[in-house]
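Below, chain A partners chain B and then partners chain C, in two separate complexes.
What follows is the complex of A and B.
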């Protein structure tokens, strides 16, 4: 394999090698086999879980087809979000503009489904042909009395992160439009948890046990009416550094609602999240309940975790996540299982994330921004890891190398958040790393292949 | 329930697509390009498309799928993607060292009108393309056609760029259409049994169904080589399997290199395989070996053993045109009734091909292609009058669940099962597998529904 390109050098770093210096938030190199996605992807991810809204994708069929129900963001009620609606632009529309078709689609869909609100996503091509999506949305809003929100998510306008921003902008049109008179002073919004495999439900339950009202869970099992009332909550609890921080910031400015960052992954981070919330409310009862909850939950999962640890300790792992925030929790969780992290990569980490990661990781750990497949393969082999944590596209790569795998991305099917989630994580890691199949592969001849 | 909003009342729709029964061109081009040895598909557009196409192919084939992207930014959307593509070509050859870069466009680069051949020429002038390496392309605007169109365009591109006329050889070209790697492997096996020398392109076997060796090959060992693609221009003739996916390339070979072509349906089911084998026999002037005749005989044996269970069963089908045509013919031979057939891929010829496959035996059949031919429409039809079996890709699982009808996963994409890409559905052996699966589904259902007193050991 050829050497890592000169230009990529500053996006890869080995902890302990000289003073800290690292660049990120760069556009991917043209021609790279990059794992990154687009603005539309980011918007779709954040807004997808709003289950009683109608999500219409304005563009050619592909953008809609590829995002049709691929995320396991569960809903406890309506399932409207799981369908795939698209204006399916054809050549004629590209030439003459797609506004009329969009208008017609919206009218037909609204009449048929009577959703609580509508999100219209613009894809690349809409940006190029210059449809005035805003105007169409406004008109349909006027005619139907429904909130129809245009999400400016043209793919080429940036990365997934910019999509988060566009989604937050769309959400802020809903926030502040509902009645908040009955909301408790001990109340919060859960932001940035996607209810994969029911994770939001578990977190919600923790807060309930602490006596705190959850007003809205926007990005997991979300509802339009709840989001309208979100400004009535006293606190925004934001998980995942990238996706929802814009909304939290805006709500702070507009409504004076403070926000805190948390992670729900791993025993430490989960406990800290609950303590931070209790501390915020400065309520002795809530803190006491949080302490009891943490003690009970840890007592419940710890014996099994320790048993798993005896099997897997000493193994090595590589991590490749979307945002960098999750990486911290993962490094800590693996540490708890006696597994050392050999490298950490992310698609969209911020300078702060990487700086903190550097501090957090063991010496020698490789830290990489916008990692591509070849780099992942190379690091995996150099460091001889036993486990790769990544997403859809990384799974078969790990398997080809004869390495265990754990999906910590949106394709995971088991909940990994919360105390119970840590147990599930350990069980999954154990099942994969300890599988007898790896022993059946001849790994003597490992090399990078013919590239 | 998930689709409880779907009612049986058919509502006239003018514009809307709900739950599409197709996807966009570039993914087909990407799949086709992976069937060239040491080829890196390149998506000329924004990162998102490429990421989605790779993810979808990965989910279906459970294999690493490599492809690069021009990583468009706002600037490229305004000023065109030339500089991105030039830089990309330069970078790809120096980092990934492919033999071929196969560029396909996306909606975005099509709409802004990048002239790919001109950009490739510039790259050559600038010496970005090393000697003995190649850059080919296909235009794949997604607002035209479907993923099948994209596949077809890229296969045609292979001919345009590589096929060289010359002294005729005895080799036969086979363009397999968009089928699984296992199907391509099966086509090769049949030809090998018959002692026929072929050039199969594209060929994704050993690319997207690689043996696990503990190594990661950026370029797996499979794929049609450049030499073969060049030599395709000197072959005796071309068999194009499946009109939608393969005819364009076959025609191009004919006009460019005077290689005659015969078009036939995909060899799925008994008749279509017969036709395939017979054509091979005729054009290669060989005998059909006993081994292959025995395979046919075993398939016939299965069909006779099973026919009593199939009679009159109603089936709904969706997916890609070529598969649907051959499957329909096979189902009719089994005395089943393919009553609803839907493809999102537009193409008027589809209707007459299906009509031919139905042979007038299923007058109640409803067939639709193109705009508004989606899973929503299919579901509405099923609500009006039920079927006994669904055959199509993963997206049918919602209908399957809502209406409690067994689903045979078939076609692209299959996102929720593993193994489909390892077993062929073409040839006699493929037909046997289909039969086993279909009957298994129907009987599992019968067992499940049987009241205690009529639940039987022997069926």
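What follows is the complex of A and C.
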């Protein structure tokens, strides 16, 4: 069994193994095969679902190539976000600077695609070659009358989380610029849902059934005009604590709009989200509607969930997610199916997240920050899990070890949020752990490490 | 529409090129006991991993020096040093292949010098460090691939008594094609070194050991001998000669170099097999005579279904070139040949191999993007597209079938097992093309014949 690298030990924790604080929010160890991405990636994935904006990536081609149509974020209208635009800097641009090319690209693209706004993402080398992206954006804004926003997302300047922050800064340039006169007092913004496989639509429909107006969805199925009006809502409902909380905080300071945290994954968390919202508005009718909605929806999915539970209960799972918030809902959802979580980790959790996670999990559960492949292999084997939940990068590792896998990341094409989503999740889990193919593999005899 | 067509864009819209380090990573992954390492930003390595995983559906490990802001200000030496140490502790490799990202290049890191210094600090028994410069603002993933092969050969090749073995620089091909090439060489009795050989790293079975992932691939010992080989074969005739490993060996050791097109179709395979016949001194083994004959027989069976069909080809220039020759021999018309990379030689190649008249009628674009391909293709009304998965949207919009070939294929299973090389590989490709055309014909027919 390969050893955990000495320098990584403080980022791994076993529940019940004595008190000490988890080290996290650290820069990844040089040389380690981390699962983490960059600042640019953080900004890009958050802003990407705004469907009527043009997203231009300023830098060499790679960053744009790898993020083209990267997420399953759906739009009910324009599809401009699913294209990949880049200034594709070449050697000459690197030597002489890319401002002229950026200007040229913007002018041409705006004239042709007529977007509602433009986001310009700076990637790694842009700051190094000294381009004044802000200035170019301002100039193009002046000349075209369009909002052109510079997103300072140079890859190396922090972690994916810093990318979220940069994205929120960009969004706050839009918020507060639209007309809010007609907005209902029972109104909210959905923050931090990205409409993967139509999830935002489902959530939005729940709120509609409760009689609450959704002013904007940031950013799933997002529209520039809606975001401009977001400050007219009475409440911000924030999912995914990592990516959108900066915007919520800023809107609270600037416009006095309170925010609450929710998760839409799992029956429990989903119901709680609706109740919390109804409670916030202190509206008996809304609460009543929420109760009825929850009852109806749970009645619809529960029989099937229970049937699945009889098949899968007693299995063990490992979880590795991007943000830590998702891990909570996953542990709870698995519990509901009778599956115990043996280890859980995230790329970007905060000390607080890990502390709460530890309280929430069963004794013996391993908790890990910024895991590398070797560690995931090790934990998977050591804890003899039947199922790994993670992103695309984790999938082949699980499969090689003969372990089932569920994608809980943003590239999936199946909605997992809401009541219906829980059913999909259970079906996914079921198809993974019940498949007869694992019988052909002797998991115990896969010899991992320096044997 | 016509005014739209004439718009010229400075921006790249829906890129065809992936970045240079991706190619280098593939090469280092195909060497036994080697680990690929990116010097620069972490995001790139994660993206490249994700991309390759999406294609091969296999674990891909890429280490990275994980630059922070201070590395950009003070240089990446410390990160490199620490990173290499971490990799040695964790993987015990015999070789570490280090490619730069655009960031390291832009801040002016002198990687070769740093590598020399690091190598001196390592014990004798430590890994060999090979570096290659791959800023993504210079060329495409195919260029990165070629540069890395060349860097490995330049670092490892040694002088010595001439042998009968041969070197094969087979370029960016599928694991199954690599396996097929190995069979062919074996059947000719040729001792061939294929570099890189990621046929196992990117297409392995269920693990029996984790290390297997780095153990498989071209043996370092065989790369050392490549200066003593009787000849080198290098696929991809339209590539950049200055980045050719075969050319480097020719200059340094006088090893004869045979630059061949990817052996796709009868004509190009005949050239390839003739070369093997001469190098081995053996007649073409009967199984290949049989494969060739069956391939031609299937051409005859299906010739009417493919004749005159207009095809849009896109991908790396060297692939597009070979595919165009193959399509021409079965009577299909490559109406558009779009290269992701920029060689400046594709047009010339087609004129030479298809004749100037035919070449004249082919639209050739290099260094292009998918938005441009779509705009051109729409005007040409093709019957079929051949290329990677990124062309799917074009295929959907134009309602023509797409035969998936190349990288990435991330919307289908089995990218590793797609073959195109040799008579046998061509057979698979040919069948897929014909069946895609038949399926479309069937789907579009109001009658829905069950026999075609």
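Structure notes:
Following the convention adopted for this analysis, the second predicted complex is superposed on the first by the 443 of 451 C-alpha atoms of A that agree within 3 Å, B and C clash if a C-alpha of one lies under 4 Å from a C-alpha of the other, contacts with A are read in each partner's own complex, and residues count from 1 in each chain.
Everything below uses one rule, namely that a contact is a pair of C-beta atoms (placed from the backbone, for glycine too) under 8 Å apart; a residue touches a chain by one contact, two chains touch by 3 or more.
Only a predicted model underlies this, so the values are computations on that prediction, with no experimental measurement involved.
Per the definitions stated earlier, placing chain B and chain C onto a shared chain A by superposition produces a clash between them.
In the superposed model, A:374 makes contact with both chain B and chain C. In the superposition on chain A, A:225 makes contact with neither chain B nor chain C.
Residue contacts after overlaying the shared chain place A:173 against neither chain B nor chain C.
Of the two partner chains placed by superposition, only chain B is touched by A:80; chain C is not.
Contact with both chain B and chain C is seen for A:105 once the two complexes are overlaid on the shared chain.
Touched by chain B in one complex and by chain C in the other are residues 2, 5, 27-41, 59-68, 83-91, 93-94, 101, 104-105, 108-109, 112, 124-125, 128-129, 155-158, 373-374, 377, 392-393, 395-397, 399-402, 441, 445-451 of chain A.
Residue ranges of chain A in contact with chain B, taken from their complex: 1-2, 5, 27-41, 59-68, 70, 79-80, 82-91, 93-94, 101, 104-105, 108-109, 112-113, 123-125, 127-129, 155-159, 373-374, 377, 392-393, 395-397, 399-402, 441-443, 445-451. Across the interface of their complex, chain C is touched by residues 2, 5, 7, 27-41, 56, 59-68, 83-91, 93-94, 101, 104-105, 108-109, 112, 124-125, 128-129, 155-158, 373-374, 377, 392-393, 395-397, 399-402, 441, 445-451 of chain A. Of all residues in chain B, those touching chain A in their complex are 1-3, 5, 11, 13-20, 22-27, 38, 40, 42, 45-56, 58-59, 62-74, 76-77, 84-85, 87-92, 94-97, 106-108, 111-112, 141-144, 146, 210, 212-219, 344, 371, 395, 415. On the chain C side of its complex with chain A, the touching residues are 4, 7-15, 17-22, 37, 40-51, 53-54, 56-69, 71-72, 78-80, 82-87, 89-90, 92, 101-103, 106-107, 135-138, 140, 204, 206-211, 371, 390.
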